[in-house]
Every structure is written in C-alpha cells, then in structure tokens.
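Here the chain labels run A, B, C, D, E and F in written order, and each chain numbers its own residues starting at 1.
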Amino acid sequence: MKRIDGRKNNEHRRVKITKDFIKYPEGSVLIEMGETKVICNASVEDRVPPFKKDTGEGWVTAEYSMLPRATSDRNNRDINRLKKNNRSVEIQRLIGRALRSVVDYKALGERTITLDCDVIQADGGTRTASITGAFVALMLACKKLLDEGAIDKMPISAFVGAISVGIVNDEEILDLCYQEDSHAKVDMNVVMTDKGEFIEVQGTGEESPFNREQLNKLLELGEKGIGELIKLQKEALE
Amino acid sequence: MKRIDGRKNNEHRRVKITKDFIKYPEGSVLIEMGETKVICNASVEDRVPPFKKDTGEGWVTAEYSMLPRATSDRNNRDINRLKKNNRSVEIQRLIGRALRSVVDYKALGERTITLDCDVIQADGGTRTASITGAFVALMLACKKLLDEGAIDKMPISAFVGAISVGIVNDEEILDLCYQEDSHAKVDMNVVMTDKGEFIEVQGTGEESPFNREQLNKLLELGEKGIGELIKLQKEALE
Amino acid sequence: MKRIDGRKNNEHRRVKITKDFIKYPEGSVLIEMGETKVICNASVEDRVPPFKKDTGEGWVTAEYSMLPRATSDRNNRDINRLKKNNRSVEIQRLIGRALRSVVDYKALGERTITLDCDVIQADGGTRTASITGAFVALMLACKKLLDEGAIDKMPISAFVGAISVGIVNDEEILDLCYQEDSHAKVDMNVVMTDKGEFIEVQGTGEESPFNREQLNKLLELGEKGIGELIKLQKEALE
Amino acid sequence: MKRIDGRKNNEHRRVKITKDFIKYPEGSVLIEMGETKVICNASVEDRVPPFKKDTGEGWVTAEYSMLPRATSDRNNRDINRLKKNNRSVEIQRLIGRALRSVVDYKALGERTITLDCDVIQADGGTRTASITGAFVALMLACKKLLDEGAIDKMPISAFVGAISVGIVNDEEILDLCYQEDSHAKVDMNVVMTDKGEFIEVQGTGEESPFNREQLNKLLELGEKGIGELIKLQKEALE
Amino acid sequence: MKRIDGRKNNEHRRVKITKDFIKYPEGSVLIEMGETKVICNASVEDRVPPFKKDTGEGWVTAEYSMLPRATSDRNNRDINRLKKNNRSVEIQRLIGRALRSVVDYKALGERTITLDCDVIQADGGTRTASITGAFVALMLACKKLLDEGAIDKMPISAFVGAISVGIVNDEEILDLCYQEDSHAKVDMNVVMTDKGEFIEVQGTGEESPFNREQLNKLLELGEKGIGELIKLQKEALE
Amino acid sequence: MKRIDGRKNNEHRRVKITKDFIKYPEGSVLIEMGETKVICNASVEDRVPPFKKDTGEGWVTAEYSMLPRATSDRNNRDINRLKKNNRSVEIQRLIGRALRSVVDYKALGERTITLDCDVIQADGGTRTASITGAFVALMLACKKLLDEGAIDKMPISAFVGAISVGIVNDEEILDLCYQEDSHAKVDMNVVMTDKGEFIEVQGTGEESPFNREQLNKLLELGEKGIGELIKLQKEALE
C-alpha cells in the first residue's frame, strides 16, 4: 500500500525547526512537521505554584491551543464558549508531564517555565509536534538562564522527542497526517528520551482493539522516528 | 518487599460490584476496589450529539467527578471555580473512549448512553475502577433496552475491564492504592477486552523513564488483573 | 384517604442514619429517609472567611448538590452549564443558616466546618433530610475536635432536626415523598431544636394560599416529626 | 422601647408607589419604603419556557439585583465575579413564587412576564418591597394586555403584598429598616393576599430560635402591615 | 429639515442634573438628557490596582451597565449570559479614559474612585451622558474628601463634558436621540475640557465614510454643545 | 528630534503582507508592520446572525486576540480568567465596524465572513495592522467566492487601510512603535478608504488634551500613511 503523500510506512514528514521565531519569549520555536505548524514559546517567570513555594524548586507547565482556523472548519474560541476545549486540556497535560520528566527542579530554582504551544496550522500529530518543539524552546530558555548566570547548570537531564504511530489499513505507520489519522484503527503517541527510554506511551484502539504484536511494531516505529527527531533537535540547538 | 497492605505484587484488591445501587438509572453499579468506591450510573436518553443526527446510530459518553471529600483533603467543587477539573476532563475522555471501542452504534440506535462515574471515596485507581464499573452499568442499561424490545440485539461486542499497574521501589506491581501510587516512578493504566486485546495503554514515567522490558512486565500484570476483573463482572451480571 | 405508601398522615418514612460512611471526613453520615439518600460529610479546615479573620471565632457553612441521576430524569451537571443550580443555592443557604443557629463560634475557635450534602437518590424531602443528616455529621466532627483536644467544649447548643409537611388533597401530611410533593398545594419545611423551638419555618402556597388554621396544623405535624427524628439522631450518636 | 426612627412597633415606613417610572416596560413602578427604593419593571414577551410550550399557558418569573452602590459599601457586580449573588438567587425565587401563586396561566396565554426588581437604594426589606412593587407592575402589564385586547380577562386572582417582621430586643416589630434588621434575633418575611391568606411565610431564627407564641405575634403584625400595603397598591392602581 | 422632536440642528436636549440622588455613594448624580436617564455613583475605596501599589498615587475607573428594560426590548442580564456585554465594555473604557485625563493621581492619594454609570432609561447618547454625569459625581466625591481633610487639594485639573454629534439626512446635528442615532450615517462622540481642548474624539462612518469638512462641522457642533453642558455642571455643583 | 528607530516623523515602518499564510482559511494574510506581526484569517460560513436571517444579506465580523507571549511579559489566556480581555473587545469591535463600512451585504449573500486577527508579536499599532491585514484577507475570501461563482460581483466598495498617529515629545508622528506609544500624550487611530474618506477616527488624550490644530496635523499624517498602505495592499492582491 502506498501512503497518501508517497511516504514509506516508517518515514516521517519533513521537519523544520525555526529558532527565535518570536522575539520576546525566553525560548521560541516554530516547528513544522509536514503541514502541521506549531509556535512553541517558553516563558520564564519568577513565581511557582503554591505546592512549590519555599522549596527552592521550580516548575514546568504547558498550555496548548489552536487558532480558530488552524483546521479545515473554523472552531469557535474557547473564551466564547467559556470552556477550555476538552481535547486541549488532555493534550496540555501530556505536554507538561512529558517535559517535566527530564527537569531537575532543584537546578531550575524557584521559577516557572510555561510552554505555550499554539497550533497555527493542523494536519495531524499536533500534540507530538508540540512536545518536540516545546522541548527545544525549553532548552533555549534554560540556556538563556545559564548564560545569564541565573542558574549554575542545565536543569535538563535528557532530550525529549515525540511522534505518533498508528494502524491504518492493517499496516503500522509512522507520523500520521490528518487524513491518515482519521482512518486509523489504532492511534498511539510515543514520547522518548535520547537514551531510548519511554516517558509516555498512549495507545488507543477506539475503532478496534490491538494485540501485543501490533503494540510492539508500533513501539519500534516510534523509537525509530523519535531517534531521527532528536537528531534534528540537536542540530537546531547547535 | 512487602506491599503496604500485605498483597503480593500481582494481587489486586478486594473487588465488590453492587448492582442496582441507585433506583432511577437504567444501569447502576457501586464498584469498590479496596477503599476506592465509585457510583457508576448509566442513563439512556433519546437524543444524540449533532454529528450523529439522522444517522440511525447512537453514542456513548462518560462524565467523571469526585465528591469534595472523596479525598483526604477537601477539594472545592468545580462549579465554585467555574472550571471543570483538568484531571477529571482527561479521565472522562479515557472512560468514554474505552467503552465506545466495544459499542455497535447501529445496534444501539439513535440514543445516547451517558456513564456518570462519581467517586465517593478515592484510594487510588479511580479511573480504572470507573471503567470496570461503568462497563457493568452499560451492560445493565443495554439489557434493559433489549428486554423492553427497544433494541434487537446487545450492542456490546466484548467485555471491557481496566486496572492500574506501576513501578514502585523498582518492582512492578498490580492495582496500586493511593499510597503506592504517590510513590510510583512509573504509572500505567491498561484497558482490555475479554479476548485479551488492548483498548488503551497509558504509561507515564513522570518521575523516571522506563524501558521496553519494564513495559512488558507491566502489560503482563495488567493482563492478569483484567482477566480476573472481567470474571467478576460476568458473575455480577448473571 | 390512604397515602401512596400506606403511611398515616402523621407518620414519617423509615429513617436510617449510617455513621462514618466515608472514611476521610471529620464527620460522615449517610441518611436515608425512605428512598431519599444523602451523603452528609463534615470537613474541618483551619481557615475562616474574611469577616471572621482574627476574631477567634469559627464558621459553619453548607453545600448541597445532587448527582446527575439522583432523579428520574438525568440532570446536567452545574459545571457544564457554568451555573450553580438556583434551587441548590436556596437549599444550601437554608442548611447553613439552620446549623449555624446552634453553633457557639467562640467555642469552635477560628476554623470552618463545611457540610457537604450530596444527594445520591432523591425522593422528596432532600433539604430536610440534609439538615437532619448534616447535624449528625457536624456533631461527629465536633466530637472529634473535642477528643483530640483541639477545643475545650462542644460548640453545639442544641440538637437540630428538620422535616417537610404539606397539604395534599386538603389533608395535612408529614414527610412528603416526591409523588406527594408534586401534588401538594402547600409545602412547608420546618427546622426545630430538641427544646421544641423553631429555627426556620418556610411555608409556600405556590398552588393556593393557606390560612392560619392550616398553618397551625402543619406546624404541629412538623413538631411531632422532628421530635422523633431527634430521638434517632441521639441514638445514632451514642 | 423606642424604635430607631421613632415608629411604633406595628408601624410601617412611609410608602410611595410611582407608576410608569420607566417608559419602555409594559408595567413600571418605583416603590419606596422609607429609604429602600426598588425599580420594578414588568416585561411581556411572546415566548414561554420549554415546559410551557404548546400548553396555551403563560409564565411569570422574576429577577432581583442591586446596583453596586445601593448599599453602604460598594458591592462588586455579579458579572465581574461570574456568579449570580447567592442571596439574590434566593430572593428572586421567592418573588417569582409569590407572584405566580395568583396568576391564571390560561388567562395569560402563551407569554412570559418577567419582573425585574432592581434595588437602587437598600435600607432593609428589599425583598418584600420588591414583591409589593412588582405586583403593581404586574397588574399594570396585565391591564395593558387587556386594554389592547391581547387577553380577555385579568389573569390575576388576588392582590399580593409582602412585609418583613422580626424580633429586636425581645420585641416583635413591623417593617425592619437595615439597622434593626442587623440586630434582629428572628427575621420573618410574610406574603399574603388581600383575602388574608398566606402565600409565603419564611421565618428564620439564625441568632436564636423562637417559640409558637412569638411566631403568632409576628404573623399578626405581618397581617396588619400587608393589609395597609394592599390598600396603597389599590390606590396606586386607580 | 425638522428634527423629530422639533429641535434645531445645534440644539441639545433638556438636561437635568440631580445631585445626591442615592444616599450612600460619596458622589451621586442622576443625569437626564431628554429621555436618557443615567444614575452615576462615585465610590471611594482605600485600595488601588496592583500597578499603583505603593506609588502614593490613586486610580479612577468606570463601570457602565443598563437595566434590562432601559430599552424598548428587554435585554438579558450579563450574568445570565456569563459575559459582559461587548458594547458596555467599550463604553466603560471610554468613560474611564475620559475622566482619568483630568485626574491628578498624586493629589488623589492611594485610593480608587469607581464611577458606576447605570442607565435606567436609554434614548440615545447614554455614553456621553454618562461621562457628563460621572464627572459631576467625581467632583462631589473629591469635594467630600477635601472637606473631610483626607486630601489637600482638588485632584481634578479641568471640567469634562461629552456629547454626541452625527450626520442624519446629510445634515450635521447635535445630541442625537435614539431614533436619530439609528438613522445616522456618521456617529461621533466628543469629550472636551472647559478649556476647549479635546480629550477624546470617536467618529465612525459605519454606514458611509465622511470627509474632512464634515468632520470639522461635527467638531464645531460638539464644541458648542459641550460648552453648554459644562455650564450646567458648574451650576449643579454650586 | 530623532525617532527611536531612525524614522522620519511621517514615515511608517517596513510593511510586509504575505498572502495565503495559512492553508485552510478562504483568505489568509500575515501582516508585518515593523516588529508587529498579525495573522489575519478570513473564514466564510453559510450562516448569519439572527438579525440577518432570511434577509438575503450577509454579515462581516472580527475577532482579535494575542498569543500569551506576543508581548514582553506573558499574559494569561482569556479562557483561564474566563473573561475576554477588555482591550481586545474594544479592538475587535473597531475592526468589525471598519470593514463592514465597505461591505455590500446584498452582494455578499446570506453568509458570514469572520476575520480572525491573532497577534503573534506585538510592537505597537496592532489594531491598525489588523485592519489593514484583515482587509486583504477579506478581499481574498471574496475573490474566492467570486471565482467559485458563489457570488456575482465583489461585495467590497472601497479599499480600507488604517494606521496610528500620535504626539510624542510635542511632535506629531506616524505609525508609533510600542516604545513611542507608551510615551505618547495623544494617541489616535485613523481608518480611511482609498477615496480619501474617513471611516473611523479615534483620538485619545489620556495624558493631556489636544487642540484642533494638533488634531489636523495628526489627520494629515494618517492620510499620508494610509495612502501608502493601500498602495501596498493593492500590490499584494495583484
């Protein structure tokens, strides 16, 4: 079977990481994975949530949102419905968890870094692109803190990349675009470190359940894809 | 290592499923897993969401909430903060997805079944207990529809059970209570059918990443535990 | 005329008060009046509202809510409408006022006790059942404070019970179930102490006005019913 | 004991009812009871709530609010707290119930009359002044419908007036001003028809409970006061 | 062309400024411009917004709202839609800006004066009437502070008045009533000091653009009208 | 006096208009004025607001928002405060009014075009850049409708451009950047057509009032600047 855009099953889309995309944030990245485009801004603020107060430790959190016309049909803004979109809530919790897993709160010191992931164009895989892009923005912000002498060492213990995998027409494929995603029977998001370890595995068989063998194939695809993404992150940061 | 309540690593807590707990819902269950207690009510309504209108197909959705004092400290009600708790949003999306994976929308007909999962006492594993209990409530509601002649056949293709697994003190354990959960380095929720297939796998290494071998051990624990839970569901439904 | 469930006009429904229903709250009660079931949890917190700050005095307040399927039809959750149900607001204000009338704020000290009354099954009289049950939960919480030496004497000056009365088919009756309530021309809630004094009298003739004689008969029924309820409260607390 | 403004215990404050205060509403009244001033506007709209649709019957409802500086200290507007004031919710439910008790829904036809009671200056007794004033506005709106031939007969079966009574310094007094109200041990609101029957009796002994004798004295005071108010309503409507 | 109410093109409506309309506010004014009636209350509070904290400077802000039936059709209250009316937001920002332009924050000291402009009857020009009336209320509040010795000198550097002008049937006219406003091709609000300088000019040609000559004529009309209004303000304050 | 970035007083910043910036909207533009960057997306939908239903006429509206880190400090998202930013409300009303002034609703037909203006980087003049950019997006969307035969003729009667002018250090200058804006004594936004007529003039002297002569100079600067902008719009659309 040929994929819709001619890619091989284990091939990810063209990735482009633009550093310093917006001038104000401490770290700013535009990440493009195929037609998916996300602005990832890291903001450093000298405050921590109540449960971190006076601990000498910092915090990292994320917010995820889409512009109304990032998608084929226009979506009403959250504020007009007075309700954060449920899917966005789930995604921003995932991004936050994924990044926090490699943060050394002590080394960060009592400050909060917020990663704003704003999708300006969506074509599948926005949550994994957000994680991959936000990690670079997080690195940029930490480097800035280090350069300014605000911290003594990088508070990040490993690189973090993420990619989607799934089963479409009974074949396991890497990095689904929107049209593939909408036909997938199984959909999985994998987040890993550059040491080849898992941070998060979220597989869903909403259309049909999957077995261990399929799960294993998907994890291998994810592993391969994330390895390539982390190489690109490192290039972008050089 | 001995577990806090003396269980073996692969042993789940005492489970009790009380049918018809509340008298009004079409399906009602009180599920107790150790000290975790969740009321799962299934409500059948003759309406479907807009995207299902005039398709002849139905819909299944879930809502998850905790009483303010289901936990050790009192939590403010969502309505007083005017904001659905983010964790609850993530959980109710998981419950809905898990149950929908075995629903035959055509057989259900143009109606919606809402599964309300209200935690009255929380001691770890509330999301998986909610799935396991809500599945029984869903079955009860569908049986009622079948008995009344509203539908021709059961619109459920498989049993669904769920359980948590995790790594605590470097050991993989089944069905974590709250105290274990708060010390876990890896936390995973597994949802499976009675055919031994996965519906959802959500593993998170917020404290430390995990490798493939650990993942495999956790999946095996989950498989064993869910097998036992589904046996209990079947007994409860007889 | 025979009542729907065979009771005499001056007879209340079967009452069951289960102490320590939920394990975390400082006081917890499940009260059942016939088919009406309310979980009443008392939470003690070391904070007071602004107007009590630095007065050495405490506060008592209440919240009332229903599970979505506590009733025959499913009710949408408040948070989904972003608006506290108006009826619930009125009821929780009544519960709070009723309980506060017997509280010695000085003796309680600068802490707040919140009574959460969550109706899990509603069959009429939920507000009065909430008051009767919440009073027991309040007593349990205060006893715990006393036992722990946090306070020197019980800060409660009298027992408080509540019951509904009403006029159905031109007859005054005690403790209306839902079906009676929906046909009542006059509906009254009475809250009294164990000294036979009134704390609150709320009579409404939405369907038709009532005269002084009818009012007197209703008050006598209420007096009798509350006397019996307070006996049950005392037994439960022994 | 002398009352703060020299009134006798059974004497109400000076009452002034100004008809047609605002030019747009179908009925508009400014009611002044002493220093308490409430604008009561009746709006007729050709729509009914869902439960009245296609019944041929109408509906009457009320909304109650205070200007931010109707009181000694400035109150934040509801919209800035995104929450209807709880006290206002309780009051507007009372106003609505009180007026509906004398409305013939069939005679009104499928339309809704909304009574907006906006307190521009508050000095105690705003809820009872609102009922007394809103009743006149309701009458004006119904007369307009009758004059225009929209309805065949007045859909109002009796006059409705309301007044507050209470116990201050162990004496029963009529029509409490704010300063009296803030020292009252018992506070009661009485709503009656011109036939001397009760529509609503709401007595609260938040500070101390009260006995049957005191209740009777308060009801007698209320009866006297409402009789006088209804006379003034009739004069205003002539 | 004759204007709808017989006025000349450069003639404003009858203006009436009633001081001390409500008894609690530090400054209170009822302003009537023709049938437009606005209650303007000034509240002095000993708090400032965060950006003024510990600066020794004060702040002036405004809130604007309409009663539901200030207009021909009833408008739902903001709180019922959980959203401040967009037009009101725009207007209250204008009122605040206009008044702040003549306030000496140092002389005011660290306190906030809030101008609540509540329209009880609307017939065009409510925003300019609000500014003109609120200025008088602001002066009254400041005079009170001065009289009480709370401040040393009046913190107001000039009088401020406002009026609407517009183009209807190709003629420039002053002080449009609602019916004129709804037919205006160009609508302009002018705010000026008693020194003949502009504080705010807001001209809109939503229906058709306008040229410089028309703009000049409108500004001259505004200048004339505001001069007359400020004379009336001064009389009212004497 | 030299301007901060070396520009002459009557010189606008470098403008760049990128067409088809986002692929889904019917019209999409990235407009850059100096460091200010706004994504302007035009969405065509086959629905109209209630007041346009069954009139055969269309509607044009706008929404304005900033990414949290479009500014030097991070701003909390509206949805987290449950309140649309007041400044944004004022701006989006201005954008909508400005564009509607040149729309032929009949020619547009019963559809709504929504202009989403999302500021990704703010350096002064975001509201006028939004108008200038949104106008191009609106043209693109209309051309698409025309090309597809959905409409018969362009429903736009004139070009619309907008720019800010102001008085800084007693000099009138064109197109203020953020730093100039924050020191401006007078701030004015001008919206004009390519026929040299005014659509909107909004001048504010919050810091100090201004006279007629200054107003005239500002209008001339605006006229010059808008003339140049409209030339650039025409080039972009060719």
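One rule holds in what follows: a contact is a pair of C-beta atoms (placed from the backbone, for glycine too) under 8 Å apart; a residue touches a chain by one contact, two chains touch by 3 or more.
Every value quoted in this text rests on a predicted model; they were computed, and no experiment measured them.
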Those chains which touch chain D and also touch chain B: C
Required minimum of steps from chain C to chain E, each step between chains that touch: 2
Intersection of the contact lists for chain A and chain C: B
Centroid-based (C-alpha) most distant chain relative to chain B: E
Classification of the chain D:chain E interface as same or different, half of numbers criterion: same
Length of the line joining the C-alpha centres of chain A and chain D, rounded to whole Å: 59
Separation of chain B from chain C, taking each centre as the mean of its C-alpha atoms, in whole Å: 33
Interchain centroid distance [CA atoms averaged], chain B/chain F, Å: 50
Cα-centroid distance, chain C relative to chain D, in whole angstrom: 27
Per-residue overlap in chain B, given as positions that touch at least 2 other chains: 82-84
Contact footprint of chain C on chain B as seen in their complex: 22-25, 28, 35, 39, 41, 43, 45, 63, 65, 67-72, 74, 77-80, 82-84, 114, 116, 118, 120-121
Interface residues, chain E side, partner chain F - complex: 82-84, 86-87, 89-90, 93, 97, 100-101, 158, 192-193, 195-212, 215, 219
